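Per-chain residue numbering starts at 1, and chain names A, B, C, D and E are given in the order in which the chains are listed.
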Amino acid sequence: MNDVTSIALIPLLPLAGFLLLGLLGRSVSGRVAGVLATLLMAGASALALVVAWHYFFRDQAAGNAYLPQVIWQASWLPFSGGLGINVGILADPISVMMLVVVTFVSLMVHVFSLGYMHGEERLPAYYAFLGLFTFSMLGLVLSPNLLQTYIFWELVGLSSYLLIGFYFQRPAAVAAAKKAFIVTRFADLGFLVGILILAFCGNSLDIGTLLDRLTNTQAPQYAAATTASFAGITALTWGLTLVFVGGAGKSAMFPLHIWLPDAMEGPTPVSALIHAATMVVAGVYLVARLFPLYSINNASLLVVTAVGSFSALLAALIACTQTDIKRILAYSTMSQIGYMLFSLGVARYGGEQAAGFTASLFHLFTHAFFKSLLFLCAGAIIHRVHSNEVKDMGGLRRRMPVTHLCFLVACLAISGIPPFAGFFSKEQILHAAYADHKLVYATGLITSGLTAFYMFRLYFLIFWNQPSRQEDGHREGTLSMLVPLGILAACSLLAGLIPFGRFVSADGRPASGSSDWTFALAPVLLAAAAILVAERMYRRPSPWPQRLAERLGGLYRAARRKFYMDELYLFITKRIIFPWIGRPAAWIDRNVVDGLMNGIAAATQRISYWIRAMQSGRVQQYALFFFGGVLALAWVLIYVWQN
Amino acid sequence: MIPLSHILAVSTALFFIGVYGLLTRRNLITLLMSVELILNSVNINFVAFNKYLFPERLDGLFFTLFIIAIAAAEAAVAIAIVINLYRSHGSIDVEDSRDLKY
Amino acid sequence: MTAFFLLMKQELLVTLLLFILLFIKLSGRPWPAGRLAGLVHILLAINLAAGFCWIRPGHLFGDMYQTSELLAFEKNLLSLATLLISLFSVSWLKHHRHALEFYLLLLSTLLGMFLLLSSGNLLMFYLGLELAGIPLAALANFDLDRRRSSEAAMKYIFSSAFASGLLLFGISLLYGSTGTLSLAELPGHLAATPLELFAFILVFSGLGFKISAVPFHLWTADVYEGAPVVVTAYFSVVSKGSVVFFLLRVLYESFMPLQSHWYLLLSLVAVLTLLTGNLFAIRQQNLKRLLAFSSITQVGFILVGMSGQSPEGQASVLYFVLIYVFSNLAAFGVISLVSAATGRETLEDYRGFYRTNPALGWVLAIALFSLAGIPPTAGFFGKFFLLLAGVGKGHYLVIAIAALNMVISLYYYLRVVRAVFMESSLEPIGRVPVPWPARLSLALCTGGILVTGLASGAYQYLYSLVR
Amino acid sequence: MTAYQVSFYLISACLLGTALLAVTTRNLFRAAIWLLFSLVGVAALYFWMQVEFIAAVQIVVYVGGIVVLILFSVFLTQQTGQQLPRATRTRRISSLLAALAGLVLCWLLIRRSGLTATGRPFHWDMHRIGSHMLGTGDQGYALPFEVVSILLLAALVGCIAIALKSPSAQDNNQNPEDPA
Amino acid sequence: MNLNWLLLFPLLTALGILASGGPRPARRVACLGALLQLALACLLAGLYLQQRHGGDTSPFLFETNLSWYGPLHIRYHLGLDGISLSMILLTALVTLSGVLVSWSQQELSREFFLLLTMLSLGAYGFFLSLDLFTQFFFLELAVIPKFMLIGIWGSGRKEYSAMKLALMLLGGSALIFVGLAGLYVASGQAGQPGLDLATLQGLGLPAATQRLLFPFLFVGFGIFTALFPFHTWVPDGHASAPTAASMFLAGISMKLGGYGCLRVAAFLLPEAARYYSPVILVLATIAILYGALATLMQTDLKYMNAYSSVSHCGFVLLGIGMLTRTAITGAMLQMVSHGLMTALFFAAIGMIYDRTHTRQVAALGGLLSVMPFISTVFVIAGLCSLGLPGLSGFAAEVTVFMGSWERAGNFYHGVTVLACASIVVTAVYILRATGTALLGPLREESYGRLADARWNERLASALLVAGILLVGLAPFWLVRLLDPATDLIMQKLAALPPVN
């Protein structure tokens, strides 16, 4: 069953949706477009499930290890010397897992959108963009070639741009889209240079070949890559770190995270799909994809760990102070991705030490469900109250019981309360961190507590807190909105039970997924305590939050202003790059370089004006010049120049 | 015997007297006179060369004759032009006809 | 006797023409200018046609007169140019009192140039030069009622007298030093002594005056501006062309023993000429004056090519003059038509010219492009070959300066094009009537500009002549 | 020093002196007269060189023709008593320098060239001149002769066309087209 | 196939336009001519591939080699290789869309189309010529039509810009001329006088000669392709030009320079190219970054695209300067890509300008809602410009980067990283312009009444978009097309003596 057609069809179906809807444009109604796109997506999703089933249970199980296999590839852009972009399809545990996650969440989002986006303008475009995104994301996860990864990496960036800016008449949406694209582009620069370094170190762009060559200590490429190059750092470290910069940009890691909260200007289902479940974890995916390389390079792993853990903590802190429901979720996403990354950072290749790897991807897997669920719930709520601010909500549990329930499930999952999905993955991560480095573990633990706190803060603020003001009765969303919520809630509940390590591990061999229950006690208790605190503070309107904020003073204000990161960036761009680099460049061009060209012309004119006295109109002066010329020429020819 | 160079010196001196006149006189007719001096100096040259250096042929003599003839023609046309200029400008001072310049 | 007539046929035909005109003059019954022009056109055309038949080399009058296929070509070119000028001069001549005298003088200068080209002897050279020059001074005065015209004539006749004085002095020194006046014998007697060099420089300056090479050029702009447009055209094309041909011949034949000297001289003068011509031209407002300086620049290019000292150089110079005839005459043709119709000659006046006179606008533009050396006009080929010949020995500096000057010169040509095509004016020149002879002339020029470059026949023919 | 030699220097001195006066005097009429003397001096030099024919032509054409022409035009265009204006000092100095430089250069070149008289006899007689003048072969000057005749003709035509007063010219000469 | 057809067609078109009675027939003739040219170019591509497929490995196909100016050894030599073929396809495409975009040209339209056709004639001739004289002829042939197009139909300081463009370009060609003269002399000294590319490249000119002549030729051609600091004609020229002329100017005209640089630098004077490589690279990098930074500050859409062209053409020079196979291929790809993309961009800007009568970014806003088609075209062009995969810009740039990194050494790597950095800046200015001009609320009430693209504009844009997608989605065919030619270049470079 795992033939080329079926697996290739998975990305191609959304692509077909994109092309169809893009070309038909306004000639189809929004409803038709939605249904068409959803059907195509359903097909893709079903195929993905089948493919995954075949991969994990049929074809590969026999060998005791899930080997990566390139199912199909073709030369797309050949370079010289064996390099070249080969477009292809790679099937390995990670990509197949991602296949499932992406198609599944995408399908949920499609379905949800049917109700949520009903009545909006430009729906065909919306679904087309969704299709484009899904296609790109699938292309990204299936890529066997570094530059193919880069290609789709850019394409997901584009679709993210298009979808964030979907409400293009809102200046904030436009600005957010721009910001998202530019910040990730900046990171992609690192990615690109990283690719260049790695590709020329290993003399290949093919990921498999590259991994083989650079991890093989006997290979000449390995020796070249691990000797110090620029600034005393090995080429491998440079390459991996720069690649990670790309990943950090896409995954909104500190300090490149600033685009993610703003990206919430897009339609909420989009946030669920792109900015919660799939695209933002591309960084994790990237590191995981190149994990064998990272695992032999401690320096770059350290960077990954540091960035991941710091981002996780930072985002959690900020999330505690925000009041925009989607932004809180966005910071929570950032925090969770930080988790996944430091989990990768603490892992090593193979064996017991590789637990972090599995845990990370496990968390990625579970997070996709509960975070998209959270976003979709938020969407349903926003759909109802027409506001993103939590202060406009409150007491919604009666009016939106289904949503309430789903949201609660998701909150529990993300807080790591057993037996919800998040518990399992998070526990594994903390375990791995504990095994590696206590500081990382401590960070993770604190973050875990904070997570529970801010999630339940949100939960209580939305659903409890104040009595509902709107007395217009039951207004739950449409069925198309509720069904995805339900399904995702179920997933959030159950996904943790999957023996994930059996399928996905660093070396392809099944890892023991056994949880150490006693170890899990600390985080769970911490989470429970945090939930209690949140309950005390936010279940009813109380002065406590205010007092606490005052007590914390500067820290609170800094966190509320997102630690002034936006201001810093604005300062750098608006106050440094534009006026001090761009403007001088433009000025120099107009005045110095062009001035030089014009100056030559002006000088010629000037000389022309100066020498006009020669042509004075006096015929005798002409004769004098004539005669002088003769004498001078005679002098030169007779006396000066002796050949 | 007078050395040839002395004759040449005379003619050259005459030539440059003519040149000086041509460069400094302001009346057009005096300019014309200076031109005649220049031509005369050339004539002296030709005759002297012919007589003292290349007496076999009469090239120099004939050249002189033709120069004299042409000098006449040139003077005639020049005077006609000067008269016309006098009519239009009311002056034959060379400094007065400077409409065309730069 | 037949041989005599055949060899001298071009001169004799022109003389015949002169006498016919003289008879008409003496018959006492004045002919209207149009009829006269028609007659002259026909006779000139016959002359031109005859020039292409029975071409053979030969000598007459001892060494005084010589002819060859090359000389016949050169004379034909001059005849053609005269015919073209005559064709577009009709609208100017119609109102002129002395149309017949105009033709008499014009043709006598043409005869002078023929004799100059055919001269085998410094005496004939001098006589030809004067015959070509003195009546020209009278012609420059032919706008009899205009101050500027007489000023121009005055400047020309005095400058020319001074120049021929120096030239004669040079010839006399040359005679004294070598003992011969024959151009053919000269190389055998030249020894590059300082006196000979000085004499050579004097002779060169006399010729340089005629072709307006810097620093002997200062009369050019004033005379070109003051003289009637038709005469200016004649000055800049026929007069200049004939002397270029002659200079080419004497440099490559008579003065070959001084070649390393004249190479330097030519290079120096060429660079000066290019720079000066261009630097003055970029400021000009009067089109005639602009073209005067442009023609100085063109001479600079010619001198660069001439300094190449190779058959290619010779052929390129001849070829360039051929092209220059067409280009310059096309430009002057348009200007003379406009001048005759409206009396307007400045750049300002030409604003928006294209909107009222598209055909003339195109002709002017094509002519200017050819002068600037822009493909596909022949000027491009002409300039390219000149400079290619000039670089023959690998002296890049002159070529680089020349190439730089091509850019400067482009500026002022394009300024004219800009005025004609792009700018607009409150009172543009109205529709200019173009009588059919002028039309024919402009068509011939334009055709020449477009064909002589793309078809390589002309160049190959010239090359075969000089080799 | 023989009288022959002395006479050369005398003639030369007169010739150059009068020439100098001709180009410096500030009276137009006197300048013409000095020029006349100078041209006569040149003729005398020809006599001294024993080329009487040229001397005769010099006197006939120059003295009899050109100077008279010049005198006529002087009368036509100028009140004879008037002082001629002088050129500017700069012009005079620079011209003087140029002329002197030229003179020095020429003198140096002549000195260096080593041109000395050969002493070979120089024969000419009217018959030879006449036969050469009308000859068409080697050393025949028939062609230049004809050319000069045409040139004179053309010059005549040109003079007539330009200098002949015409009614329209009279109208216009008082109000020149642009007084710039 | 006889390549003369490709020159004859535009010539006939020009004559047809001259003969046509008025503006309407003129544009029909022009369009028909352009269409036929495109068809011919495609046919040529087919025949070329067939011939290559048949195993023909000669460097140039379909040669026409006639003596033109025999005494001067100047030949009329046409020939085709992959590089010229790709350029010819580009020219044909841009010409057709240029004619279509100018369909509603009112003022002096006969002259307009005539000049446009002349321009394409010059470009075809240039790309086909194998004799440097012929090539030079066509190079200059293409300058004056630009001058006229800008000066007559342009906007803003049109006369100034036209003059500047003409003078700078012809200044460049003057430099080229000096180089050619030097080559001519050198070939004469080597015993085979002439300017035939095929002959010259086989001569193995001495290193000193190469180093002497290279700067003239390279800078000369470089001016055409906006080599820093001789790029200043680009902003003014492009900004003042009418739409079709801008398209042609940036789309094709600047490619003449790149093509010339490649032919001369890597093909004719490989020794000197290697010698001067660091200088070229520095200049190219400056052009890339500095062009991009200067673009950031532009407020006029045309100026923006013009400066971005400076930046993008820097990649061409970078690729050529790197002298690796991949980099050179990348430079070629970039030439094609930039040609299509920038033509599309100018078309879109022209359409916007036609309707709103402003090109100031700040004066526009929210156009997407009233003219979705034009805005989409604009966005596609912009995305191509910022190197989005799937569009041609990415394939080209990534090839250049890969090829550049191939040169080992911190200098080369540093240059490459700096060049890469421009993709960020590009993204910034493209998105800023898009965000302000197309997105957001409508800036002016009156914009609401504006119409979207007409059929001719749609067709023109579609053609170019198709080209961009074709290259962007399937760059391999273009690379394969270029391959034999790059092979030849590589052979020449490989044959160089090692650097001591």
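Following the convention adopted for this analysis, contacts are C-beta pairs under 8 Å (C-beta built on N, C-alpha and C of every residue); 3 or more make two chains touch, one makes a residue touch a chain.
Everything numeric here is computed off the predicted structure, so don't read it as measured data.
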| item | value |
| --- | --- |
| Chain D reached from chain B - shortest hop count over touching chains | 1 |
| Common touching chains of chain B and chain A | C, D |
| Selected interface, C-D versus A-D, where C-beta contact pairs are more numerous | C-D |
| Chain occupying the middle, per Cα centroid | E |
| Most distant chain from chain A, judged by the mean position of its C-alpha atoms | D |
| Inter-chain centre distance, chain D versus chain E - centres from mean C-alpha coordinates, in Å | 68 |
| Where chain B and chain C are represented by their mean Cα positions, the distance between them in whole Å | 26 |
| Approximate Å spacing (C-alpha centroids) for the pair chain A, chain C | 76 |
| Intercentroid distance (Cα basis), chain E paired with chain C, Å | 42 |
| Multi-chain contact sites of chain C, meaning residues that touch two or more partners | 123, 127, 130, 134-135, 137-138, 141, 144-148, 153-155, 158, 162, 176, 194, 198, 221-222, 283, 411 |
| Numbers and ranges of chain D residues touching at least 2 other chains | 87, 91, 95, 98, 102, 105-106, 109-110, 115, 139, 141, 144, 148, 151, 154-155, 158-159, 162, 169, 172-173, 176, 178 |
| Multi-chain contact residues (two or more partners), chain B | 8, 15, 18-19, 22-24, 31-32, 48, 53, 62, 66, 70, 73-74, 77, 80-82, 84, 87-89, 94-95, 98-102 |
| Those chain pairs that satisfy the touch definition | A-B, A-C, A-D, A-E, B-C, B-D, C-D, C-E |
| Contacting residues of chain A [partner chain E, same complex] | 25-26, 75-81, 83, 85, 147, 150-152, 154-155, 158, 161, 165, 168-171, 174-175, 177-178, 181-182, 185-186, 188-189, 192-193, 196-197, 199-200, 230, 577-578, 581-583, 585-586, 589, 593-594, 596-597, 601 |
| List of chain D residues in touch with chain B within their complex | 5, 8, 12, 15-16, 19-20, 22-24, 28, 31-32, 35, 38-39, 42, 45-46, 49-51, 53-54, 57-58, 61-62, 65-66, 69-70, 72-74, 76-78, 84-87, 91-92, 95-96, 98-100, 102-103, 106-107, 110-111, 115-118, 120-124, 128-129, 132-133, 139, 141, 144, 148, 151-152, 154-156, 158-159, 162-163, 165, 169, 172-173, 176, 178, 180 |
| Complex contact set, residues of chain D against chain C | 105-106, 109-110, 112-113, 115, 136-144, 147-148, 150-151, 153-155, 157-162, 166, 168-169, 172-173, 176-178 |
| Residue numbers on chain C that touch chain B, as the complex places them | 122-123, 126-127, 130, 134-135, 137-138, 141, 144-148, 150-155, 157-158, 161-162, 164-165, 168-169, 171-173, 175-176, 179-181, 221-223, 225-226, 283 |
| Residue ranges of chain A in contact with chain D within the complex | 620-621, 624, 627-628, 631, 634-635, 638 |
